[in-house]
Amino acid sequence: MPIDFLYPKFEVVRNPQRCIACRVCERQCANEVHRFDPALNLMESDESKCVDCHRCVSLCPTRALKIVETDHAFRKNANWSGEIISEIYLQAKSGGVLLSSMGNPAGHPIYWDKLLINASQVTNPSIDPLREPIETKTFLGKKTHDIKRDKNGHLVTETSPQLEISMPVMFSAMSYGSISYNAHECLARAAAELGIYYNTGEGGLHEDFYRYGAHTIVQVASGRFGVHKDYLEAGAAIEIKMGQGAKPGIGGHLPGGKIVGDIAKTRMIPEGSDAISPAPHHDIYSIEDLRQLVYSLKEATGYRKPVIVKIAAVHNVAAIASGIARSGADIIAIDGFRGGTGAAPTRIRDHVGIPIELALASVDDRLREEGIRQDVSLVAGGSVRSSADIVKAIALGADAVYVATAPLLALGCHLCATCFTGKCNWGIATQEPELVKRLNPEIGFLRLVNLLTAWKHEISEMMGGMGINSIEALKGNRLMLRGVGLNEKELQILGVRHAGE
Amino acid sequence: MKYVIVGNSAAGIGGVEGIRSVDRSGEIVMFTDEPYHTYSRPLISYYLQGKTDIEKMSYRPEGFYCDNNVRLERGVKVAAIDAENRRVVLDSGASESYDKLLLATGSRAATPPIDGLENAALLFHFLTLDDAKALKSIVAPNSRVLIVGAGLIGLKCAEGLSATGCSITVTDIAGRVLSAALDEGGASMVQRHMEQQGIRFRLNDRIAKITKNRATFAGGQHVDFDILVVAAGVLPNTELMCALGCDAQRGIRVDSLSQTEVPGIYAAGDCVRCCDISSGQEKIMAILPNAYLQGEAAGVNMAGGNKSFETPIPMNAVTLMGLRVISAGTFAGEEHNAGDEGAYKKLFVEDNLLKGYILIGHVERAGIYTSLITGKIPLDTIDFDLMKAQPQLMAFSRSGRQKMLGGQ
Amino acid sequence: MEREGSIRIPAGCAIAGIISREGKRFSGDAIRRSMSMMHERSNGLGGGFAGYGIYPEYKDAYALHVFYDNIEAREACEKYLDSRFDIVNLSKIPVKKIRAITGEPLIWRYFVHPLPTRLADSQLDENEFTRRCVFRVNTSIEGAYVFSSGKNMGVFKAVGYPEDVAEFYQIGDYEGCCWTAHGRYPTNTPGWWGGAHPFSLLDMTVVHNGEISSYDANRRFIEMYGYTCTLKTDTEVITYILDYLVRKIGLDFTEASNVIAAPFWSTIASKDEREKQRLTYLRNMFASLLITGPFSILVGFNGGLMMLNDRLKLRSMVMGEKDDFVYFASEEAAIRAVEPAVENLYAPRGGEAVIVLTKGGASHAD
Amino acid sequence: MKRITVNEKWCLGCHLCEYYCAFANSGGEDMAKALKGITIQPRLRIEQAGCISFAVACRHCDTPLCVKSCITGSLSVRDGVVCVDREKCVGCYTCVMVCPYGAVMPSESGAIQKCELCTQRSPGIPACVSGCPNGAIVLENGG
């Protein structure tokens, strides 16, 4: 047996006073960390298998368990961190690309946390959401630059297709395949209940979920999996995925092992075949090509559905967005580099792309400078973590935000970032039936509704504090933000003043 | 509507509760020749053993008659029925009218034809609380007790008496204990267990003669005793019906609504003969659950409701000196042995149906087997191998379980 | 000290308006009296008046009122104006020196017509042409500030209490068919004459009391359409929004009010289908022009006047009638000061636009 | 009528319900102290085979055979809940013989034990229901 250079990352700490050997940890760990020793009548653990997902910790009825990071250490070295050393060992052993899941964990600045929100004092009353309506409903889609009147002088009220959302939040794309059927059901039902939208991702739409079509955004990505006429018709909007914040410039790969049963059927590919989404769409090598796809999709659906173009936040995002705004797209979704994923090469995830806050600000500015901000709605995603992040995103200029990691957390995800193993103990990023069943949509759906309802309350509170009773009046209202600890350049890009100014 | 119930045990109480589930106001008069609040007859052995007391033996709470608006006439014997005028005549000569009458008269101990039985110094039966009280008052640690009959009553009596430390011999003409409830193998396991606890058995032997303190067997051997308990089966109390000209010597016949051939008269419990659905034979199944269920059905029907008692089977749950025994149905057909160490288990299968079973030692969840018999569940619709190993709902189909447990 | 434009200054205020439905002209003295009643609502840091129909003799010419910091500015401005307009009349605006008003700039008035060749070259209508020229002066000629630019109307404003400003400009000597006025209570003290109100753009004037919370959303939107918010005041952005919606887009004032003080969605839901569609359309298509936070405004224009409160009515505003006149003021007392026998006193609800037209006037741009 | 329904579809076979049941009926205040080192005797049981598992507890039948068959009168229906008077029960197991769900079970004391929907403990939600992490055991009211 070759030498294993790596010491386990985590340690399972079991309080022997509290452990009653009920074995729930053993039964619930798909990684087989725990086992019962009948001779000693004791629970034991093999921590080398632990991914720190906390399933055992959460279910332990006597709180006898905790997982801690090992304090086993490499010699201190500011340059060669333990993380980097470990990765070298792994690659030296496997010869492969390092894989990771979920969003960029690196310590880059989080601009949300460096922006602060205003509140009214004296000269302008704050509004109490318990007494006065605070409106969070908004519409996504092209706005008009002029009006038309009929022969009686009445306004003609037809518009480009619009998406109505009860609050400026939508669930962003996660495919059936990357996440489980039950996770999809949770998202679909919650979206319908909340009056928002969820997004199929590039996995097609399971036939059971067509009934949630009015709250579904159907995605067309580079692999075109699951795309057919009924699919396009089923959704309320169509999203062309050009890129993803977690892995800009990279395609997707769902291994054949996960292409089973309904997943294969929904993706319309043979069971067991790898689902490979190419890095680029092979019919889109330029902005003109994108325009053709936008209009092809519009044509296919009778111009009744808005088309969203989703891109990763990269260096030239403002110019790219400007091009997309002129491509006929109704909505641009920008995904920041902290966005999550089921699987991405670690180096790509951690080193490619730019923060959503800066991308959003610069895109909003650019579109305004060009006078075309009305032609598209902007949806910002890529680690929007709380209602405060949402308020800040809207004030920076977003029409709405996309969230995915936060709803997954609501469903039980503990960000162990090992989705790619397919052994998600929480029933989310897995297709194993006995794991999938751990996510009961009846419970999950309610938790999503709770989370967003709570956020809506908080958004209303913050808006009321600013004396703003409608989300439209917050959009792009950057005076409501101040920066802390930001340099001149950052403030300039964000278009906000420093706190105290 | 006025109801008269004769008998204050399980079937009579079932009758009251059956009537009251339909008719909250009709008058109910209940006659019992015993002086007691309703008590559980099977508990007399526990009483003897000191494991329960008179108070705990109450079959229903103290306020039962009051709460159910029942006029209880204790210590009163019903002497005759005037069916034409719908009256019962009491042995005092008084009479009581009825619209509907329930006979829940139960049974009495049978007296075997043994020469000189009446000469025994102390002769007891073991059927009523009075029997138990009398026995308890007289038995002493040095008593020698001979029990005639190795059926359920005899063995329970033996268990009850053993607590006193007296020496006990059980005898039966039959070759095994509990011959009605167990097969050969089961019976010998029970016998062995009781012998280990000090009970002596003389089986497959007939008492030829009894003198004051001695029973002499056909083979000439004898057993001396201080106390003789006769537990050689029971006879249904059917005189009232017989007096009406019915053929009821071997149990009153009733239909599935518990109605006798005489209009307005119902019968239930140990005095009744009905069809054992596991064997298809008509017999008296003198066990408490059947008595109650039949009485309850009778009560409902008397009050104008409609309830049939269609699932009577012989069944017994008994613990003998710590050994748990449950058996039910008929022991006919293909035998399946599935016992494990220290436990005895036999299933009897015929025509794709479970007909009967015997469990000794491990009796958990036996009711699942019982339900297979009473529900006449075709065994090819379940996973019988699984079911054989353990009574379990897993052996049913998923939809079957869903029906049973609700949910998805 | 920073002045308007370099910083956003919240302010409280008093406003008033009087209009003759018949279009009869009456002295500005009435509006002065109304404002003086609300002395306490101002703090002497700004007051002003707008009168409509005050220049019948030049009613087809744009009347430009200009503040100059110095002669050089005037010369530069006049040179520029001369290159774009036919100046039919120019003069200093007559003022009366009083103790309460000091530090006045040079205040000039020009009646002008766009030069036909220039206008044709610009491919713009004359309103847009004139608007752009005014913006040009205000943003690029230092020390010059055009504070009134409509036809047959004029704005008069200064740093001081409204009643003093009225005396300074001898408002009583002007006769108009509609007057609005403003007294200011800024919470910062830049004391710049151009920053006083009414704010005007062509013939549209806005007096405003409030502090809107949607300011930057509105500003960043309207700046996409060729407006530059130099003053960073609510009044400025509200004026531009109305100019955009009414003059550029072609909404009438009622529709414009449905945009800037849009009904709540719950209210819209209760309307009949056609109205629901209309209101949803306006609210959705011009979402960024919804104004939130407290405001009460009087919008003057040639042909009428609109009164509007924010949707929650977070600022006071009452109106009343007597005979031909309709009165508006932040406080009832200010109306009674002019017309003690006022009738039909009414406080319009939040978001309820009240539009009063003079005879022959229209609530939309031509 | 209150009763527990079991959603087999959502049962994870984690057996937590058994432990919460045992704890609830232990009378203890701390689960670790109450259940440490003992073999629990819960009043509901998980049946498990391969990926299939489900909890079985008393169904509180409309026509409870156990109550009707009880020879001592120690089983009774109170507010729709089948309850046992364990003082009175002599452990004859007639109820075990007749319960079609196998939901009445022996206990160490000899008397039988069965699910009483935690009504003896405190009114409200039974411990197995509140303890089930996946909504596989649900308390239904009415019907």
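We just call them A, B, C and D in the order they show up, numbering each chain from 1.
Please note the rule applied: a contact is a pair of C-beta atoms (placed from the backbone, for glycine too) under 8 Å apart; a residue touches a chain by one contact, two chains touch by 3 or more.
Since the model is a prediction, treat every value here as computed from it, not as a measurement.
Student: Where centres are the averaged C-alpha coordinates, which chain has the largest centre distance to chain A?
Tutor: Farthest chain from chain A, going by C-alpha centroids: B.
Student: Could you grab the centroid distance between chain C and chain D? Build each centroid from C-alpha atoms only and quote it in angstrom.
Tutor: 78
Student: Taking each chain's centre as the mean of its CA atoms, how far is chain A from chain B in angstrom?
Tutor: Whole-Å distance between the two chain centres: 70.
Student: What whole-number Å value describes the gap between the mean CA coordinates of chain B and chain C?
Tutor: Centre separation, chain B to chain C: 103 Å.
Student: Where the centres are mean C-alpha positions, what is the separation of chain B from chain D, in Å?
Tutor: Once rounded, the distance between the two centres reads 29 Å.
Student: Pairwise, which chains touch?
Tutor: Every pair of chains in contact is listed here: A-C, A-D, B-D.
Student: Can you list the chain A residues touching chain C in their complex?
Tutor: Residue list for chain A touching chain C: 120, 123-125, 127, 132-133, 135, 137-139, 143-144, 146-147, 149, 154-155, 157, 159, 162, 368, 371, 373-374, 397, 466-470, 472-480.
Student: Mind listing the chain D positions that touch chain A in their complex?
Tutor: Residues in contact with chain A: 7, 9-10, 12-16, 19-20, 23, 31-32, 35-37, 51, 131, 133-136.
Student: Which part of chain C faces chain A closely enough to touch in the complex?
Tutor: Residues 8, 10-12, 187, 210-218, 220-221, 223-225, 249-251, 255, 262, 264-266, 277-278, 280-288, 290-294, 311-312, 314.
Student: Going by the contact rule at the top, pick out the chain B residues touching chain D in the complex.
Tutor: 10, 14, 40, 42-43, 46, 51-52, 56-61, 288-289, 292-293, 296, 315-319, 324, 326, 328, 363-368, 370-371, 375, 386, 391-394, 398, 401-402, 404-408
Student: Which part of chain A faces chain D closely enough to touch in the complex?
Tutor: Listed in rising order, the residues of chain A that touch chain D are 17-20, 22-24, 27-28, 41, 58-59, 61-62, 64, 433-434, 437-438, 440, 442-443.
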